[in-house]
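Each of the next two complexes has chain A plus one other chain: chain B in the first, chain C in the second.
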Partner chain A sequence: VRCQQYPPLRALQASAVLSGASDEHKKDSWASSSQQHFESPPAGHQPEEKSQGPHPSYTGQGGQESEDYESEEQLQHRILTAALEFVPEHGWTAEAIAEGAKTLGLSVAAAGLFHSDGSELILHFVSECNSKLSELLKKEQKLVQLGEAEKKPIDEFLRDAVETRLRMLIPYIEKWPQALSVLLLPRNIPSSLSLLTSMIDDIWHYAGDQSTDFNWYTRRAVLTAIYNTTELVMMQDSSPGFEDTWRFLENRVADAMTMSNTATQVQSTGEAVVQGLMGAAVTVSN
Partner chain B sequence: RGLAAGPEMHFGFQTVTEEERREKIYQVFENVAKKYDVMNDSMTLGIHRVWKDILVHKMNPCPGTLLLDVAGGTGDIAFRFINYVRSVRQRQLQRKLKHHQNLSWQEIFESYQNDKFNNSLGDSQVVVCDINREMLKVGKQKAQHLGYSEGLSWVLGNAEELPFDDDKFDVYTIAFGIRNVTRIDLALQEAYRVLKPGGRFLCLEFSHVSNPLLSRLYDLYSFQVIPVLGEVIAGDWRSYQYLVESIRQFPPQEELKAMIEDAGFFRVDYENLNFGIVAIHSGFKL
Partner chain C sequence: PGAGAALRPCSSRVAQDGINKPVIDRIIRVDHAGEYGANRIYAGQMAVLGRSSVGPVIQQMWNQEKNHLKKFSELMVAYRVRPTVLLPFWNIAGFVLGAGSALLGKKAAMACTVAVEESISEHYNNQIRALIEEDPEKYKELLQVIKQFRDEEQEHHDIGLEHDAEATPAYSVLKTAIQLGCKAAIFLSERI
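Now for the complex of A and B:
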């Protein structure tokens, strides 16, 4: 699926404007129908480059300028999105990024902007999947609020959320083990861990108030364990439509539910036992 | 007109005019051309090979890259580039074959046909450009001797005024050459001009050592040993005196970085090799 909302020409436009400062610019031939600004840069392009600050981007600020002006970060974002298409063939590598850059009209050397092990590409993909999941969960929640859908019981909700998220891996499943190992590199662990925890938190957030049985940390740990183990099972799964994986998921979620019930049971049994002992102690003392 | 035919410049530790500088440098390289590689090996104790390897590794070119190697006289970078791209291409082909395990004889035959068509370099090409005819001659002889023929071309040209069209190349390299360019700013602007959007600028050059102890040792070695080696091996003390002096006159890392940014490049940074004896500067045309 190509994320090309903007034709390749835009990349050239963007780069033309980014570099539009210099007067000796011979890029007049690229002056397309839309806006082309050769404004003098505020003290060179440094502010834009270093602070990555104001992103007067596609949100329509400042009229004409906004559509052409693109920060380096956004350009990187676009290159990585375009590169995803080539991952099934080339893996999570600089080659995939190079191909992606080519589709945007940039030189293949632009892959040099990123690490050669593909870390940024993988992290980008994970964060995109997480955003997609959030969107879907939000939509679902809205439907429930509007009364157009039934509120799911907690175990079904968790199961569906994890399944939806894992299904996003299917087009890339062959190369996903490679991605997992890259995510475990010490350099990447902070980012990959934070992406994982924020996704888990997101799911719990949309799960609603039903989650009062667990306390906050156990909730996180339980769902993280379910997600990670299911992901690993999925890597090995060769059943049609990954039905083995979904069955595994169902069992793990069920386990988690019984565990929470057992936990409360244990707690209340514990309390009962303590009370019994107290009573016995009082009786004995009297 | 006055005595000076142009602005004052440095030639090593002497002060000369722009024109004189160009002439003198031309003569230096005319004299050393035949012994250039031998001298490199003896002066740097062979370490220059590692520096050049690191440069090409940093470039990480994929097949299909178009490289312009400026001041590339004897072809060191060009040959390394070809080797690198060839091995990447091999790996690509192996991967493709692994994918297609069950090929009919017809398909195998066709795939061999296709590979002959797209040469073993995957359409990568390198253009070696140098201002000095003697250096190019030596380079061509070396290429013939080592067996490099595909994807290689030799062009006589001045880095300050390249004989190429705009937006042609994926990567521009200049290894140990920018020091000898009289107007560095013009060379950088030309580099910017001939690069495609997304293209990469890479510069390998002697730079400044910040560590004081090392700096003293380095100075000692440079001024006492190298000119002597020059006299003994190449029979030309003056040229190597010039070389050592020109290294001292060259702008340090941060200054060169600023100059590259002025030419319009983004994401400019440098990597010190051997504590700053040599530095690789990199920038992107975005």
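Now for the complex of A and C:
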């Protein structure tokens, strides 16, 4: 399972926030844009920063610190995970991150660690969903290997995988269009594209794709198109239980299967025709 | 049915942790492309010289290349490596090179073989060096495969020489041109 970790942004600012624990005003200036929403940060909400002892190092991503000292990346990860709970209410914003930080006992100024447009929060969410999907697909594969489950036909497998992944958006569906537009910002495109391609590759891998020719690209391109269009349909869907979306998905997957069937048929017809012509040529020349 | 013969229950996977994925990716991608191209070159040569006296020799070398391609295709699936986008292009370019050199005569076909196999041997040697520098224990299986293939490509090279490759008119021009092409192909296939 390949987990996509996007690089934590603003590492240097993070260390300043964490090490300058005693200086409230310094931290206030980082999150100045969102300050109007907060009262002055509650006193005594510094335990995390103070207890970390000497200033944090960013060199060690796990090897060089003691057990109770977490790396910056882990801290950011925890803040973002906690922030997701507040997204339905606040959107993908610094407010949600601040609320998340509060639940962890951190100062709300920890939101200053991140961009104000919520990029990291959204990328974190996408990465988490992709990991969850990989885990589920892996479990399903194990069951099939142990003989405890039937192997699904390919169209059903693809349909289920895409549906499972899209269902993870349901709690955040109101605010998802906003997230999509942030993911399309030029700054975020490398990360969001990489997350998308690795998710699609994962789905095909667990579907049993073993192509080593150009089909590798064709299949992934087709599935990406299916996923993206279904996601857009879902944004506009108001039917109960998103049944319109799932029906759309089923039709698109069926179209893709038909297309590939037709392509195979065309190819074998073409080969048969060529063989016939060669045979005729040999006959004529004899 | 429909979706093609390349769908089977996914089983053969290599543990992906601890290996230098970008390096292994490149190695397998370019080697797969190389064997695919070599296949097409021999196919082109057979199309022209299949019924001549060197037909059986070329056929035998082609069979070995087919095995190489099969092995790299398996490795590609096991390591989850993306094939190069340029495969359709190598398909045509390889066939044209093979057929073109064969149309120039048997010796020219052998010269083409010598040039290509020399490039490939050198390329495999570079990879073996790189892998040994990384970690010979971790990549033992891959090293074994590449070493064996390098030895077989070297054999093809020697067979080409035995069949009067060097007697080709404009041998050094032909050889240089083909080897430049191989270098470019290797460079591109590693990256795209």
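Just so it is clear, the second predicted complex is superposed on the first by the 199 of 286 C-alpha atoms of A that agree within 3 Å, B and C clash if a C-alpha of one lies under 4 Å from a C-alpha of the other, contacts with A are read in each partner's own complex, and residues count from 1 in each chain.
Definition applied: a contact is a pair of C-beta atoms (placed from the backbone, for glycine too) under 8 Å apart; a residue touches a chain by one contact, two chains touch by 3 or more.
Computed from a predicted structure; not experimentally measured.
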- request: Check whether A:Lys151 is in contact with chain B, with chain C, with both or with neither, and answer first, second, both or neither.
  value: second
Message: Once chain A of both complexes is superposed, is A:Ala101 in touch with chain B (first), chain C (second), both, or neither?
response: first
Query: So, does A:Leu180 touch the first partner chain B, the second partner chain C, both, or neither?
result: neither
Task: Check whether A:Ala109 is in contact with chain B, with chain C, with both or with neither, and answer first, second, both or neither.
output: first
- request: Figure out whether A:His205 sits in contact with chain B (first) or chain C (second), or with both, or with neither.
  value: second
- request: With the two complexes superposed on chain A, say which partner A:Met168 touches: chain B (first), chain C (second), both, or neither.
  value: neither
Task: State whether A:Leu75 touches chain B only (first), chain C only (second), both chains, or neither.
output: first
Task: Identify the partner contact of A:Leu232: answer first if only chain B is touched, second if only chain C is, both if each is, neither if none is.
output: neither
- request: Within their complex, state which residues of chain A touch chain C.
  value: 2, 141, 144-145, 151, 154-155, 201, 205-217, 257-258, 260-261, 264
Field: chain B - residues contacting chain A, complex
entry: 58-62, 64-65, 92, 166, 169-171, 189, 192-193, 195-200, 261-262, 264, 266-267, 282, 284-286
Message: Using the touch definition from the top, list the residues of chain A that touch chain B in their complex.
response: 11-12, 15-16, 18-19, 21-22, 24, 26, 44-46, 49, 72, 75, 94-95, 98, 101, 104-113, 116
Field: Touch list for chain C against partner chain A, complex
entry: 1-4, 6-11, 16, 32, 73, 76-77, 80, 82-83, 85, 87-88
